[in-house]
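Right, one structure below, let's go through it.
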Amino acid sequence: MSFTIERVKTWIPGLDELLNGGIPKRNVVIITGGPGTGKTILSQHFLYNGLVRGEASVYVSLEEHPVQVRRAMATFGWDVKKFEEEGKFAIVDAFTSGIGEAAKREKYVVKSVDDVGELIDVIRMAIKETNAQRVVIDSVSTLYMTKPAIARNTVMQLKRILSGLGTTSFLISQVSVTERGFGGPGVEHAADGIIRLDLDEYDGQLLRSIIVWKMRGTAHDMRRHPFDITDKGIIIYHDKVFKSHVM
Amino acid sequence: MSFTIERVKTWIPGLDELLNGGIPKRNVVIITGGPGTGKTILSQHFLYNGLVRGEASVYVSLEEHPVQVRRAMATFGWDVKKFEEEGKFAIVDAFTSGIGEAAKREKYVVKSVDDVGELIDVIRMAIKETNAQRVVIDSVSTLYMTKPAIARNTVMQLKRILSGLGTTSFLISQVSVTERGFGGPGVEHAADGIIRLDLDEYDGQLLRSIIVWKMRGTAHDMRRHPFDITDKGIIIYHDKVFKSHVM
Amino acid sequence: MSFTIERVKTWIPGLDELLNGGIPKRNVVIITGGPGTGKTILSQHFLYNGLVRGEASVYVSLEEHPVQVRRAMATFGWDVKKFEEEGKFAIVDAFTSGIGEAAKREKYVVKSVDDVGELIDVIRMAIKETNAQRVVIDSVSTLYMTKPAIARNTVMQLKRILSGLGTTSFLISQVSVTERGFGGPGVEHAADGIIRLDLDEYDGQLLRSIIVWKMRGTAHDMRRHPFDITDKGIIIYHDKVFKSHVM
Amino acid sequence: MSFTIERVKTWIPGLDELLNGGIPKRNVVIITGGPGTGKTILSQHFLYNGLVRGEASVYVSLEEHPVQVRRAMATFGWDVKKFEEEGKFAIVDAFTSGIGEAAKREKYVVKSVDDVGELIDVIRMAIKETNAQRVVIDSVSTLYMTKPAIARNTVMQLKRILSGLGTTSFLISQVSVTERGFGGPGVEHAADGIIRLDLDEYDGQLLRSIIVWKMRGTAHDMRRHPFDITDKGIIIYHDKVFKSHVM
Amino acid sequence: MSFTIERVKTWIPGLDELLNGGIPKRNVVIITGGPGTGKTILSQHFLYNGLVRGEASVYVSLEEHPVQVRRAMATFGWDVKKFEEEGKFAIVDAFTSGIGEAAKREKYVVKSVDDVGELIDVIRMAIKETNAQRVVIDSVSTLYMTKPAIARNTVMQLKRILSGLGTTSFLISQVSVTERGFGGPGVEHAADGIIRLDLDEYDGQLLRSIIVWKMRGTAHDMRRHPFDITDKGIIIYHDKVFKSHVM
Amino acid sequence: MSFTIERVKTWIPGLDELLNGGIPKRNVVIITGGPGTGKTILSQHFLYNGLVRGEASVYVSLEEHPVQVRRAMATFGWDVKKFEEEGKFAIVDAFTSGIGEAAKREKYVVKSVDDVGELIDVIRMAIKETNAQRVVIDSVSTLYMTKPAIARNTVMQLKRILSGLGTTSFLISQVSVTERGFGGPGVEHAADGIIRLDLDEYDGQLLRSIIVWKMRGTAHDMRRHPFDITDKGIIIYHDKVFKSHVM
């Protein structure tokens, strides 16, 4: 077969090993899991690993103030200010609606997230100006939390713009701690890939695990693996299998 | 009994063995399963196997851009462009609504999938012009995802046109990862056949299996079998039984 | 007790043995089960067995084109055309709404199934003109699928006319593959009898079973039995018990 | 304690033994269970046993034609016509709405069951004219099947009139085959007593059992017992315990 | 710690032992359980034990006619008429709406329970005139059965008046036989205490048990105990533990 | 890494040990659990421990009268009046709506909790005037109990003001006794931390346990621990693991 797949390496310890070398370029990947599972950290780790290797990126923040995002990343030693100043990293502020002193210093602000069109316009601008190759949206669930009927359509619109502009993207999908799904049928089937993070209690002990459920365009590892969150980010034990009786 | 059933061979390794030789002609078969189970690949494999043996076919794309469909098929070595040029293969673009440069090059475009009548008109035209014998609709779930009350009626309308024009068709029905059903009572009972693909986790390992739940007009295999997705498509291990404790 | 029950034999191998000789005359019996369980075949077998023994019958088709019904019955060697020509068998076409060339050749056509009154009028006429003693409605679920509130009332209206005209009838009730009920409380309690068909997976193997859950006016077998669908129709192994852990 | 409870004997074999001698007079007792469990037969048996011992009674029929009720009771050897002619038994026809030839011969007809006031007026008249001491309403579920919000209020209204007129009554509450409740919180708590009939499958065998869940004004048996439906009615094996793992 | 808790003894055999001596004064305690669990008897026992020791009390009846309440209490030897004549006991009639001859003899009548304001006014008057220290509302569930959105608010309003007037009160919360909760989050969290009564079937035998789930202002027993309903009321076996596998 | 996290010690025996020394400053922490689990006591303990060490604090009371809050805290020996007089502690009365004599003596009163804007204004004023560093809202569930669609937005608004003013806060989230979640996806994901309290029955015995499910900005203990409520408040056995089979 003469067809070669272009891959984007995550450079997260252990993750590329699960993906046959990396994520097929332009794939829109759902990062899903309950609260406290590490979705945001994994996604920020993915972006920062690109930045230090010369790949520009965009982080769309719907859950936290941009100031808080920079601070949170810094706790892992990921200093993004330098890259912002170089025009290689952008935070799209879809949190403050532009209200507040700190918000006035942000370059990419979405006035209303109820207007998906405006959100997409700002994201497009940020991608083009930074020439971003990696994008994270944290989270997409926020966009349709109270309107599940529009979930699929929203993801589809994002997919068209993100894939169309050539980026490889992570879409964070929040599920409830008791839910074993990935965010609903509209979201699960629309995504090119699904990576699930879990935090489960066994015998009074919380354990972290990760599994690649789906990845279009490539073979991928078919096992669940333990992982840790350290002060340097995510470490996946790709050579260990996490055996569970759940799902 | 003087009555002989006309069968359509899938030529997918192991599948015809489960179907007593093939799918009874004109049957409308639901291909159902959760995200990442391989429904699209199985359906594209079914079409391509017909094309190389001289049977024209139509692929109705509601989930992906036609350009992406061609690219995805090519990763399995299934080059459909040749057949499109010969007028033996058509992609019905029910994804772009005709918006975008690439879409302008598509021949069969559905402006609005909310209008099932328009969708059916375009499908009918594509079938007649290619003289298609095989049709895939990927997916029907999209047509009634937010309107379950119309599910049965939509499937019934498609069934009349697809069966009426003499084609044998696969309708992809997306279910959530946690759902054990096939897409709801209206869909399950309306279909002539149901083939279920599963992806289940056992002891930290994802395993694929397939079962023919129903096939009107023929006896069929009554066991669950393991299968693989390779770089050449689907391989079903029809002589191995997949024993599970699920469902 | 001087009271003697008049019974209608099904002549389906093994079934009358479960019913203490047959179905009490005028009973309205729900035939229920998931997709692919054989409800339609059992019901058609019931009608054809009457036809060849001189009992006229009516088949009300809400799921398939009458042409398709005749063809499907023929695959089991049940040629109903002869009986239609003799005026002893009638198909009520509640599928096409009278649209299409083939439909114009049908004698009993229901224009709109949303109008239960019209449906009942056509059924009454077909029963009277054929002097039918057996009736099948395939399926009643279709009549209230999106309107569960009218389920009981619809079944009650059918019961009055079917029982009032002296026929013994099968009403097919479709349930989802995951549902263990019989079609909802309104339907379950209104029926004179309930026969349940099941298709369950055990260790990767699909198995068929049948159980008579309820039959007014007679004692009946209280066990679950395996059955097969052969190219001659249904065979029930009335002397074998199907042991399960379900329900 | 100087207080003596007046009891109404059911004279159903084995049942009074479970009730410390009988049902406290004026109690309104819910008879509940799934389809085919024998609720109607138990209730008719209760009435007939009173009739032959000189206690007048009223049967309110919401599910069957009065003609059918008489016929069904006759299959157990319970000939009620004699008692109707003597003015000691009355069937309240809440089924036909007074439509049809046979209905014109009925004395107590409820035109519309949507009007609980009218139903109660007719029941009151029937009780007063027959001087009834036992009443059965078959079923109360029908009165609020599609309007659960009015369930408690309906039962409360019936309770006031039935208890107020000094009758001891059975209210049949239909539940779905898969439901382990007794008809909803409004009904369960409003009733003076709850007797549950069950039909469960164990190892492919249907088994009948009965349990008195609640009976105000008296101690009662606290065990589940097997029972049979014979051609002479209900027989409860009050000295055998039915052990199950359900509920 | 100089703070001493004032306690109200229930004088129900075994109950004060579970409550470290009694219920903290002014507490509003939910008595919850399915049908037939003994909620009403426990509550009436609580009131009567106060009456014979000189503590006035009020019983708010939403489920039964006041005449029936007096009669039911008398079956346990609890003659409340004497206390009513002495002005030390009052039944608030929230059942008859003042309709009927017997109701005209009642002193405290609530015309409409849909008007919580009126209910509260009548309760306040009854408490003040009797100088009640104990109050039972049987049941609060009735007040919001069909309007769950107002449950918390209703309980909050009652809590303010009952606690504000210095009474210690039992609010009966009816749950369905299959529900393991206590009446919904609004009710469970608003109450100062929760006492749960259960009736469960084990091996064909109904068993009664009680557990104090919560009691603000005091330590309490943390075990489930068996109890009986005798002809003298409730007896709790506080030194026996009821081991179950439920909840 | 040059970045140092500022931590707020809870000084609750055993809790700081689970939090790697304390809660990261400005974190908004959900305290969640069923009725009777000790959420309010834990939160009041957190505040009082700050008060005696010189940290001002605010308690927002939506469930109880401020008078009752002071009284309840006093039962643990936590006398807050002194601190109120010194202007170091404030109770925001979001319970009485300013109605009643006692309420008139309260300084911080919220007229209507339906108006989140007013609530936030009063909280801001109380924080500023006391210079509070710790805040408890008991409970946030009350704010959206009947309006789940606004849950996330309400928590987000509170988070902005509480974190923005530099306080470290506990938000009490009430869940039903049968619910294993933390208050819904909108709440679970918006919070910086989640501490879950449980009360579960094992073999007839109620047992208390606590687990830190999530805490942004710090590593934390990953085990479930038993804890007690004593007359001096909460004691967590941080060196014992509570093994369960739940969740």
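Per-chain numbering from 1; labels A, B, C, D, E and F assigned in written order.
By our rule, contacts are C-beta pairs under 8 Å (C-beta built on N, C-alpha and C of every residue); 3 or more make two chains touch, one makes a residue touch a chain.
These numbers were taken from a predicted model, which means no experiment stands behind them.
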Ask   = Both chain D and chain F are touched by which chains?
value = E
Query = In this assembly, which chains make contact with chain B and also with chain D?
reply = C
Task = Superimpose the Cα trace of chain B on the Cα trace of chain C, which carries the same sequence, then give the rotation angle to the nearest 5°.
result = 60
Key: Taking each chain's C-alpha mean as its centre, the one farthest from chain E   = B
Key: Centroid spacing, where centroids are CA-atom means, of chain C and chain D in whole angstrom   = 31
Message = As a quick test, compute the distance in whole Å between the mean CA positions of chain B and chain E.
response = 61
Request  = Would you mind pulling out the distance in Å between where the CA atoms of chain A average out and where those of chain C do?
outcome  = 53
Query = What order results when the ring of chains is traversed from chain C, passing next through chain D?
reply = C, D, E, F, A, B
Key: Residues on chain B engaged by chain C in the complex (per definition of touch)   = 1, 3, 5, 149, 152, 160, 180-182, 184-186, 188-191, 194, 209, 211, 213-214, 216-217, 219, 222-225, 241-244, 247
Query = Any idea which chain F residues touch chain E in the complex?
reply = 34-36, 63, 65, 68, 72, 74-75, 77, 139, 141-142, 145-146, 174-179, 199-201, 203-207, 229, 231
